[in-house]
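Alright, structures below, take your time with them.
Consider the two complexes below, in which chain A is the common component and chain B and chain C are the respective partners.
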Partner chain A sequence: MLALNSIREFRTRPLRTLLTLAGVAVTTAMLADMLMLGRGITRSFGELLESRGYELRLTPKGTLPFDTEATVPGFATLRDSVESVAGVERVAPVLAASVTVETSDDSGRSVEALALGMDSGDQGLYRLTEGETPRPGEVLTDADVRGSLGVEPGSAVRLRPAGATGAWGRRTTARVSGTGEFVFASRGDLQVVMRLDDLQALSSQEDRVSFAMIRIGEGFEPDSVRAAILARNDRVEIVTLAGISERLDARLSYFRQTALILATVSLVVATLLVGTLTAVSVSERLGLIAALRAVGLSRRRIVGGLAAESVVLCSIGGAIGVALSVVVAGYLESILSDFPGLPVAVRFFVVSADSLVTAFALLLVSGTVAGLIPALNATRLEVASMLHKEAP
Partner chain B sequence: MLRPRVAKRVGKRVLKRILPRRCALVVSAASIALSTWVPLEAHAQECPTGLEVLVERPFADAAGLTAGSTVVMRSTIEGEPCNAVVAGIFEPPPDPASLNTTRPRVLFHLPHLQAMTGRGNEVDYFTVRMRPGTDLAALAADLEPLLPGAQVLPVSEVAERSSTTFRVVSRFHTAIAVITLIAGGVFLGCIMILKVQERRLPIAAARLTGIPRRLLFWWTVAEAAMLSTLGGAAGFGVGVASSAVVNAYYQRYYDTTLVFSQVTGAVVTEALALAVLLGMAAGVFAATRLLTSDPLDEMGR
Partner chain C sequence: MSEIVVAARDLTRDYRTGRSRVRALRGVSIAVPDGDFLAVTGPSGSGKSTLLHLLGGVDTPTSGEVVFLGRDLAGMSVEERAALRLEQVGLVFQRFHLLPMLTALENVELPLAAARVPRKLRRARAAAVLERVALADRLHHRPGELSGGQCQRVAIARALANEPALVLADEPTGELDRATSRQVLALFQSLNADGTTLVVATHDLELAAGAKRMIEVVDGRTIP
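Let's turn to the complex of A and B:
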């Protein structure tokens, strides 16, 4: 009943109502987007890490995977030590090195790519899309390397460490085994994967790895396994997925803080807008309010009616804003997707029910409070003096 | 040999010298400058005699290091430990690209680092200062064949490649500014409509007494422009204060002298011009609505 009255009231001033709804919708969209931004990076990166099925990362002390060129020496011994820890189910080593990949014919086509050396069959960092995982003497490329060189599974390519030319440095010829999608690749990155020992030999890094992924058996806690590994090996870093997400979060804290500031500003603007409109609307109807109170309508009922207007405004504007926020999030995501150094799969804006519901609820509560204040003030005034003042 | 006190003073100058700010070309060891993973060649690693380093100020503060302190350094976790004297502390240059660098920076004499890491006679990149009037492209083309495995890049290209982050953040800020502008415009439009509705009777009376419609129109527009100018001026004050808060907070957060937010004349002019234009547009919209109605109807004929 109260809501119907409110809608009737709004229909008498359509332009004002439309503008207010537009204002509430834009600010709600901004609020929801900033909530998505604040939570999105950590959430999507966490999901990406978890999707690979390894709970721990072993890295050189003080680094994260793909963070520096530092490597862990003496990995064979280290691997035995890690694998003997209770709870460790599997250790998947990775060596990363820049290589030049060129066609084996005389076309002269070549690209610089990041080569990943992994155990045979391990797909912890890529998804096979065509062909087979690389065996000894084989290399699997991403679609961009394949397109740039014009090679197909079965073609031969030449590889050498980046920077090595002519007779300098090692080189090898490998057969392309297939194509894959590299899950941690940034935009514009070119990547290939080959057997760990092949890349170690090519890059003169025998028995070294850049990092290793560790899978934990069921029933074991990542933190306790981490502590057990560290107790035996103090020259490496063991990071849990939560730890990696936290460090990424710290590096991108600028966006989280910006999101918090903009979300607060949006909420204040929406509250001011609803509060101003309700205040003007109440002051226009002081005579009517006085008359209703004079004929015996309770204060609570009048306040309820006026507050219902704010609730209806916020509900309709908020619902439009929530829908708008999804569109705006897509647009802002398209801008931030060019952010360098982050995996393409990581999203800044993750559309989630909790962000949308929180934005809507925050707006509804603050808008209702903003509407209640002028309504309560108006009903506190003396009825007789109001009637006298508002008399035509 | 760097004397501790001298080194502290020259720290900044040394840094400026090693950065390719005044240089025209950067020769890097591989085609993706500064970001490629080139494996170390196996040379003997050794501790150089008289090893001295400069340590960046934030790390020195955190670790309690001062000029004259002795530290132990290794090139890798399994490398030979080398005693080094902290010759001085340097203030890191305000470089936005290094804001998220978590590892402390230490400056060595080049031969010392080459000896420690076993990379004798090897550098990652070097910069070349040109004589005035030199053809940059031609020289780069001439140099590259002489340096197998290296790439010669103009400094402008290196800057372009390393500024992607800031270009993306700038585009993001522009998008947010547009959304804010839309929200501000709608708010202003709303306020103008409310003001106009409040004034229906006086305006109708003014029209009936013969005051020209054009005068009333410009009166309303001028009022809107004045309102938005005052709002813009207040916003300028808020902007200056916010800018100071942002700088103070982030400079402390990142422990840097970098200026994060600058209120420049161009930004102020642009913001005020936009506010006034937006206000005038809202005024024109409101005045048009007000003056198209019949004054007799407004007076309750």
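Let's turn to the complex of A and C:
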């Protein structure tokens, strides 16, 4: 009943209550967003990797896919060796090279793009949105390349290694086979895909690949297959999806640390806010608290009644804050989606139940503790002294 | 011979104010038998409230003893004394100290809820007590919607809710006008006639004169 009184008293102080709720909501939103930011990139990148259906990546020693321009030489022999390992179901090599793509007419339109050379029918790095996967002598472009050059499926384009000018260097003419979305492309990246043999020939990198994706058969563990491949080939790196995520996570530790600091600050602010309000509220009611103690109410009952105030404030403010955090996350995501060097498909803020529940629970616990302290202090005071002070 | 509800022997109570020590009570002895209506009078700061607090176990004496229904309060913990007050002592304050957002009925239910009386029973008992203090038509009014006299009657009803052995009232008419004070006196007399034991600390000589007996406290000592 004391709790009921405390909660009803919110209505007698609407401005104070609204300001506190707003403060708690904003800090909860910030806390939840920082938790989402701390976990979002790694989680969404991990999901992106898993969605492509390859459990291992083979890269030059000490690198990650798309990390450097280093390549693995003598891939044909290496491929035979990898494919002979028990559990390896498919090896999908990829060569990445910068190319200049230009229209075959005299319009003079050209773009610099990252070309991916891949085996036939392999869509581990892109999704076909129109047309067909490229066959020998064909190239598939992303929508930006297509728009910049004004080409359609069936059009012819000329390709040459980036930087090759005049008659110097190799060049080829290819037919546009279709359009695709490149899942690991950053915003503003222009990408095309062509057959591995064609790109190797164009870029003078015969029998070389930048990396290879390895699919594992059912019932095999990525770590054990990785170890078996490495036992036969010590000149390459074999990375599991978890390993890639871990390395990305290490590189993004700046984000996580910033997020952790801001989350902690949010929590402290919310705790101080609720603690201050409860302390003010308790100090206004010291006489009443003394009288209730004199009547015979136990400390526990009075503390519970007073703490109910902070629990209700944190519950309502926290619930509003959780909803607000989803809106704010969407807005921040739209700003950060232009962040250079990360695939567009990777999200900074992944709205997840566990982040929201964690933020809400942290706020509720810390706010309740903040409310308990002044309540406990008030009930520790000497009842008779407080009643004497109350006397007119 | 009536049973002694509370007996105090040779009570002293010292308070510290800064570096100095103030002796509020000096060797007070008193016995309150069942069915008594005792008025404690005296000037401000004479020790009336202190005496009431010691009799009810709200405060503990510096020396001396208080025996309540045969139990020495000195051997009881803070929470044990709180439990004793909840069940055996009704307290009435000058400033009522009602919970402002609870109705009269809910305010009276509060000590019953604390004593774990089942909801239906406590609601019925609270309503009956409020009827006893002539507030049956104000059950669902909040203190802000009641007059000072009505608030004090709610506070008296709250004190009576657990059917205590003793009601202690500290300046119960201090905030009330003359007419309302008379109503409170009449209520106390009526309650006493029904068997309630009362000790009332008051400046109000008319209230004191309406009690069965009176003692005066001056400079921490009782003058019979």
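FYI, the second predicted complex is superposed on the first by the 387 of 392 C-alpha atoms of A that agree within 3 Å, B and C clash if a C-alpha of one lies under 4 Å from a C-alpha of the other, contacts with A are read in each partner's own complex, and residues count from 1 in each chain.
Definition applied: a contact is a pair of C-beta atoms (placed from the backbone, for glycine too) under 8 Å apart; a residue touches a chain by one contact, two chains touch by 3 or more.
Since we're looking at a predicted model, the values are computed, not measured.
When the shared chain is aligned, chain B comes close enough to touch A:Gln205, but chain C does not.
Once the two complexes are overlaid on the shared chain, A:Arg16 sits against chain B while remaining clear of chain C. In the superposition on chain A, A:Val383 contacts chain C only, with no contact to chain B.
Of the two partners, chain B and chain C, it is B that touches more residues of chain A.
Touch criterion met: A:Ile335 reaches chain B, while chain C stays clear of it.
Of the two partner chains placed around the shared chain by superposition, neither chain B nor chain C is touched by A:Glu50.
When the two structures are aligned on the shared chain, A:Arg301 is found in touch with chain C, with no touch to chain B.
Of the two partner chains, neither chain B nor chain C is touched by A:Glu152. Of the two partner chains, chain B is the only one touched by A:Gly62; chain C is not. In the superposed model, A:Arg293 makes contact with chain C only, not with chain B. Touching of chain A by both chain B and chain C, each in its own complex, is seen for no residue at all. Across the complex, chain B meets chain A through its residues 29-32, 36-39, 41-42, 76-78, 100, 102-103, 148-150, 164-165, 167-169, 171-172, 175-176, 179-180, 182-183, 186-187, 189-191, 193-194, 197-198, 250, 253, 289. Interface residues of chain A facing chain B in the complex, by the touch rule stated above, are 13, 15-16, 19-20, 22-23, 26-27, 29-30, 60-62, 68-70, 72-74, 96-98, 112, 114, 161-166, 168, 203-205, 235-236, 247, 251, 253-254, 262, 266, 269, 272-273, 276-277, 280, 328, 331-332, 335-336, 338-341.
Those residues of chain A whose C-beta lies close enough to touch chain C in the complex are 1-2, 4-5, 8-9, 11-12, 287-288, 291-299, 301, 382-385, 387-388, 390-392.
The touching residues of chain C, when paired with chain A in their complex, are 15, 49-50, 53, 56, 58-59, 79, 82-87, 89, 91, 93-95, 97, 99-102, 106, 109-111, 113-114, 158-159, 170-171, 174.
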